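A, B, C, D and E are the chain letters, set down in written order, and residue numbers restart from 1 in every chain.
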Amino acid sequence: MTDTPLLEIRGLSKSFGPVQVLRDVDFTVHAGQVTALVGDNGAGKSTLVKCIGGIYSMDSGEYLFDGRPVSVHTPRDAAALGVEIVYQDLALCDNLDIVQNMFLGREIRRGLVLDDITMEQRAAETLASLSVRTVASVRQPVSSLSGGQRQTVAIAKAVLWNNRIVILDEPNAALGVAQTAQVLELVRRLADNGLAVVLISHNMNDVFAVADRIAALYLGQMAAEVRATDVTHSQVVELITTGRSGDLGLRRQGAAA
Amino acid sequence: MTDTPLLEIRGLSKSFGPVQVLRDVDFTVHAGQVTALVGDNGAGKSTLVKCIGGIYSMDSGEYLFDGRPVSVHTPRDAAALGVEIVYQDLALCDNLDIVQNMFLGREIRRGLVLDDITMEQRAAETLASLSVRTVASVRQPVSSLSGGQRQTVAIAKAVLWNNRIVILDEPNAALGVAQTAQVLELVRRLADNGLAVVLISHNMNDVFAVADRIAALYLGQMAAEVRATDVTHSQVVELITTGRSGDLGLRRQGAAA
Amino acid sequence: MSLTTLPSRETLEERRSAGFGAYARDYLARIRSGNMGALPAVLGLLALVVAFSVARPEFVTAGNLANLLHQGAAVTVIAMGLVFVLLLGEIDLSAGFASGVCASVLAVLLTNFGVPWYVAVLAALATGAAIGLIIGMLVAKLGIPSFVVTLAAFLAFQGAVLLLMKGGTIVAVDDPIIKKINFDGRLAPLPGWVLYGVTIAGMLALHLWKRYSRVRHGLAAEPRSVIALRVVTAAVLLGGAVWTLNLERSPNAAISQRGVPMIVLVVGVLLALCTFVLNRTAFGRHIYAVGGNREAARRAGIHVDAIRIAVFVICSTMAAVGGIVAASRDASVNPNTGGSNVLLYAMGAAVIGGTSLFGGKGRVLNAVLGGAVVAVIENGMGLMNYSPGTKYIVTGVVLLLAAGIDAVTRRRAARAGLR
Amino acid sequence: MSLTTLPSRETLEERRSAGFGAYARDYLARIRSGNMGALPAVLGLLALVVAFSVARPEFVTAGNLANLLHQGAAVTVIAMGLVFVLLLGEIDLSAGFASGVCASVLAVLLTNFGVPWYVAVLAALATGAAIGLIIGMLVAKLGIPSFVVTLAAFLAFQGAVLLLMKGGTIVAVDDPIIKKINFDGRLAPLPGWVLYGVTIAGMLALHLWKRYSRVRHGLAAEPRSVIALRVVTAAVLLGGAVWTLNLERSPNAAISQRGVPMIVLVVGVLLALCTFVLNRTAFGRHIYAVGGNREAARRAGIHVDAIRIAVFVICSTMAAVGGIVAASRDASVNPNTGGSNVLLYAMGAAVIGGTSLFGGKGRVLNAVLGGAVVAVIENGMGLMNYSPGTKYIVTGVVLLLAAGIDAVTRRRAARAGLR
Amino acid sequence: TNEVAGKGGHGRPRIGVILPDSKSSARWETADRKYLAAAFKAAGVDYEIQNAQNDKSAFTTLAEQMITQGVDVLMIVNLDSGTGKAVLDKAKNAGVATIDYDRLTLGGSARYYVSFDNTAVGTLQGQGLVDCLNAAKITKPVIAELNGAQTDNNSTLFKEGYDAVLAPHFASGAYVKGPDQWIEEWDNTRAGTTFEQMMTAQPGIGGVIAANDGVANAVINVLKKQGLNGRIPVTGQDATAQGLQNILNGDQCMTVYKDVRREAAAAAKLAIGLAKGETGVTDHKVHDPVGKRDVDSILLDPKAITRQNVKDVIDDGYVAADAVCTGEFAAKCAAAGIK
């Protein structure tokens, strides 16, 4: 664990028209750690992630990477920093097949020509490593995949690359038992290899299984960022549902704002 | 518990082009019970549900309702029988607002004119009852909702009506802790009111919390239909991942077919 | 199934009691976030009017205002019908010539067969409906893409008009009632004012009634001040128009030409009707649903095929109305009625007004505004003394500018918020 | 990041070693499930050819086959360009007149300024590219809907042609090289056969190479029998065409007109090039991605705006080629070149071929097939002695039937499977 | 001063002209506009000349606007009689004097009609074809007809003219009636395709009536491809530079020369007189079968042009010599006595 966080967001606010979704949010991510981001439905987790990924522009706030301020306005900017995100709404191209989706935007080529063979091989390997056994062919269009299969494709896509930060927005939502275990193991392995991993999940078992740190959003505000070993299940649930738990969490006047 | 099942599917097979997804599946649902449908990713759960809902046509098989054979070819046929389904891929109209989506196809009118006021009131009440506290307005288009909020809208839509069967395909996937509890409670209450409820989930805690019976699909075949009290967590997980567990599940030659 | 209502409904109803200030802030924020309704189209229109008025002072005379209304009516009516088809993400290339076919039916019946005007009008409308029914069936039941079906219809109707017109002659339409529609029908000044009063009063009553019932049921409602602002704006704009149109505009002292042209009434009634259908009936809601997500609509038990067929019927029937309006304006029908640029202009009017070609988004009011943009451009360009080549180019550029204002406003606004 | 490969890959690779029988079953199942590639378009085309041959035996003469190729070329080339724009869910209404503008540039430079042919051709292509660039920028950077931008361009280009043609005169194009393209250029019989041989051999080599490398890497590959079937079919069809075109077709004994028209080569090369770009390059893949889900493509780091601009550049440049082809065929350019029904026919060709107006779905080969359908209809109808009215109607009906065969086959097939 | 209020409000007489399009024929923009404008300018009247671009609705729009602006005389070339009639009626109601220029509006209310005699044009074309066939000694030729746009009343009149000439030859069996089609919008590309298909359907075509030079040029290009140009006579109309070149080449048998200057001058004179409150002087009466009335008319005679008298067109200044005698044509011009 180093001292400068790999990624630091300071004072992020974001509104959609009249609705303020994030208020003055601070969020830090450290290399080699799994940071769990939790919060109630509509707390603003996905919005925060989309701001980090350059999908949404920030209304105000600072974006520090490796301690240096950077400006991230498009997904390309984020990718250039080494930030890879699996969004909750997946965003796969339904008209493309699994291989094409997994390598989208980073196709392997030989000269001008796409190297479909290598891509197909690597896609099949990665999928298999995520315990997906029911995909008939990696040349199937993703529109014909089951919910969990789609989810797996999106996850596989994110881990194919050498990144510095991997953010997973509810990756286990649609996954089966074996696949979930596989993904959690993957998350742990990524962090152990020195990457920073952010995991968003509503499942406390999953969170406590892998997280080093837990950040809880409550109604668009950061209620607490704590070490996973310092809190219990029920404390985190309390943070999620009420924004505070004992001396952790938002001050009362803050919560009322 | 009555003797004739409310809904019975016999020998259902379904292929998509060269891929056979369901093979000779039998499935029964009883009034007043919660039937959990479990299975690995890509096992065919959603496909089975879509066949029941009239989204897909059945290649072969029988569809019995109240013991009588019926033919269900469109979602309207299913709705006419009193079957209401929350699909995994939700299928909301992004351009419509929450109220409009919730009452879609069953708008309340006064004469020719839509009764928007009544619909808005009822939508707000139902949402609130599902612990959704972060929706700014029920007049928001659903495209601006968070994943969990969308899920809740879809669930709310299904339970607004007087049905005989409610089928929920991974309803808790995107839901927060409180909302999950609320939905499980709702599922139990529906069954207690005499409805037949089918719950698809990958979360064994949820399954065991509410299910009376458990049906396990394995690679498109029905591995077992058992009472929840007769099996353990780990047995069900085994059924899901290997198709058999002890003397439960598929015969070996069946699994090899 | 009744569920217990939990207490925490504050957020849902936060804005229920908000006053004018809060509402205005809300509106500004919504504008900034790109959700601007008719504003950009109105801005584009305004810019055009100002530009033409500066270039040619004749542009802002009573006579020219009346001309403009007559000129733009047919395209606007067809555009209104197209909105229905576009809302479903379908297209109707045949709407222009469908209007021609219906106009031919009208003219041939009136002139060659001497039937009474109402029989001819009914026959024209029925022809339109039948055309729409056939197109709709081919699209919905056989699954042929609407682009192909209506391209085929586009060709076939051209031929049908030629046959109906016996190979290229023209048929005069001299029926006085038909000519009232868009040739010389006018409301006398007094009835014009009366109608104006009724319209404004009706608008006010509707708004207040809606507010009253929402408040009574404890739902968020517009503050009275907003309603007042809206009604007063409408009253001023409409009042100005009525006043201008009630001026004498005849260049010939022998004939008086005061009063609001009848066509304004026709378009107004159609606008109200279509808006009512789309916004206040289940049928209209289902159109938006099918256009937004066809599969979701199907799963919700909506008769998707029926809706698809219905919009084509509506579109072709509106095209028939457009054809009648055009026949009235020209006092005749010929093989080119509904041809040349009519279709593209009508589609353009709908799209400029903000209707999406992908379905699910659009309003009939915007088609009327888009129709006004197209009419203003055609009218204004007619006053400029350009050679044909230059005129085409300038028309294109002006259209682009008018649409560009719209796009750039929306975009600037959208930057602030979403994507 | 390398992940350990788990052992259970059977399902993924089940079909790797499948032979012809399994492949055929697979193909039939795929057909039954509605995934039929070019088959329905070919069926529609075949039905048309048979129908016209029965109605007019002249239809199947060598001379008429050559005419057909000359006549359909311009629309087909424009349709190929439109596929790129349609793949993105955009539309280009200006493609027809853009081809007119480029043809005018070519003609004016050649005839009035006497520049060499290659300079004129380059200038025409550059004009096309510039047009596309401007349209693309307006669409992608300002966010004006492409329907509106290209409608404005549609108008402006009409004017531009008039200005270039000095108000409506005809400009002759007499350059012998340009006329080779689509007027009188032919491959002599022997070179024709040589080229044929090279094409078929190349096709075979490509297929075998692909199979070889896939098998070498342990991936599922087509069985040899399927490759053989495909290559033999192509060889027979193309061979028949070459043989027919190598017959003497000149009505004038003094002039021989044997050989494959040069335009076949031009279209063939463009088809191969476009197919290569769409299927085998990252750029092509990104076009499909942006068309399928623009937001997903953006999140994958694709320069969405650049892609959007690029497709308009390609489309307009192809339109320029189409203009050159048209100018060559008419040996002249007039203000109507690229006008009247050219745009609609080109769009129709693309859409009949199965390209979706919603983006993400379509192939250039299908545009060629669709272009053939349109050309066959026009050609066949030209042999019938109908009055214009009847001709339009019959053309519409025939188009509908051709497209209907396609739609109904797909639908019947789709019933078995999805939705 | 604001001139919109009506006739009374301004001093200078004002004339409005609406031309039909710029694509069916180049004459409207290249000739008529020029000559009319010159005449009006010389007479010191205010004028406005607009082109409706073959758009019927634009046509009506333009007329309404001219009437609103208070023109004293409205001169139109109708796109079709229907819109023409509507416009003329509107003008009449507004007290504006009206002239049908070049095309008679059937059933209309124009006060005057100025034109070439269109049936006579057709007669010249028919006779020209007969002469060329005789000169080439072609026996029992199949005659193909490519008429103009069916929706253009003038096309019908042309056709009446040449059909009347050809009918006896068909009846006697000297000629064989071949394919006979209308060319929508006078579209040259379509004319080329149409003729190709005619050749396919009836390979023995020996003579072609092409309604104007553009259509003729398309036909000639098809013939060139077969090496048949010059062997099969083709007629034309309008004496365009292209047409004259085709005639010099021997590919086109004849064209019809309508001296637009004379037509424009006659119309302008009439209009200027009307605008100043005088009555017009006319020499003919043309019967309008629909309106069942005789219209006071000025009718001008068209002239057939063959290789022998191409010179006349150029000497008149109707077409510039350097537009025709480019490149290879210089020698042919010289041979035809053109400088």
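The rule is simple: a contact is a pair of C-beta atoms (placed from the backbone, for glycine too) under 8 Å apart; a residue touches a chain by one contact, two chains touch by 3 or more.
None of these values were measured; they are calculated from a predicted model.
Path length between chain C and chain E in the chain contact graph, taken as the least number of steps between touching chains: 1.
Of all chains in the assembly, those touching chain D and also chain E are C.
In this assembly, the chain whose C-alpha centre lies farthest from chain A is E. With each centre defined as the average position of its C-alpha atoms, the distance from chain C to chain D rounds to 37 Å. Separation between the centroids of chain A and chain E, computed from CA atoms only, is 74 Å.
Spacing of chain A relative to chain B, judged by their CA centroids, is 28 angstrom. Chain geometry summary: the mean Cα position of chain A and that of chain C are 46 Å apart.
Each of the following residues of chain C touches two or more other chains: 162, 167, 295, 387-389, 391-392, 419. Residues of chain A in contact with two or more other chains: 16, 18, 55, 133-136. Contact of a single residue of chain E with at least two other chains is seen at positions 22, 29, 150.
Per the touch definition, chain E reaches chain C in the complex via residues 2, 4-8, 21-22, 29, 33, 48-51, 53-58, 60-62, 64-65, 67-70, 79-83, 85-86, 89, 93-96, 106-107, 149-153, 156. Chain contact summary for the complex, chain E toward chain D: residues 22-23, 25-26, 28-30, 150, 179-182, 184-185, 187-190, 192-194, 196-201, 203, 213-214, 217-218, 221, 224-228, 240-242, 245. Partner chain C is touched in their complex by these residues of chain B: 53, 55, 74-76, 79, 85, 87, 90-96, 100, 104-107, 109, 112-114, 117-118, 120-121, 124-131, 133-138, 159-163, 186, 190, 193. By the touch criterion given at the top, residues 1, 3-6, 8-9, 11-15, 213-214, 217-220, 280-282, 285-286, 288-289, 291-293, 295-303, 360-361 of chain D touch chain A in their complex.
Contact residues of chain D toward chain E in the complex are 56, 58, 61, 63-64, 67, 70-71, 162, 166-170, 172, 183-184, 250-252, 254-255, 257, 326, 329-332, 334-337, 339-340, 378-379, 382-383, 385, 387-388.
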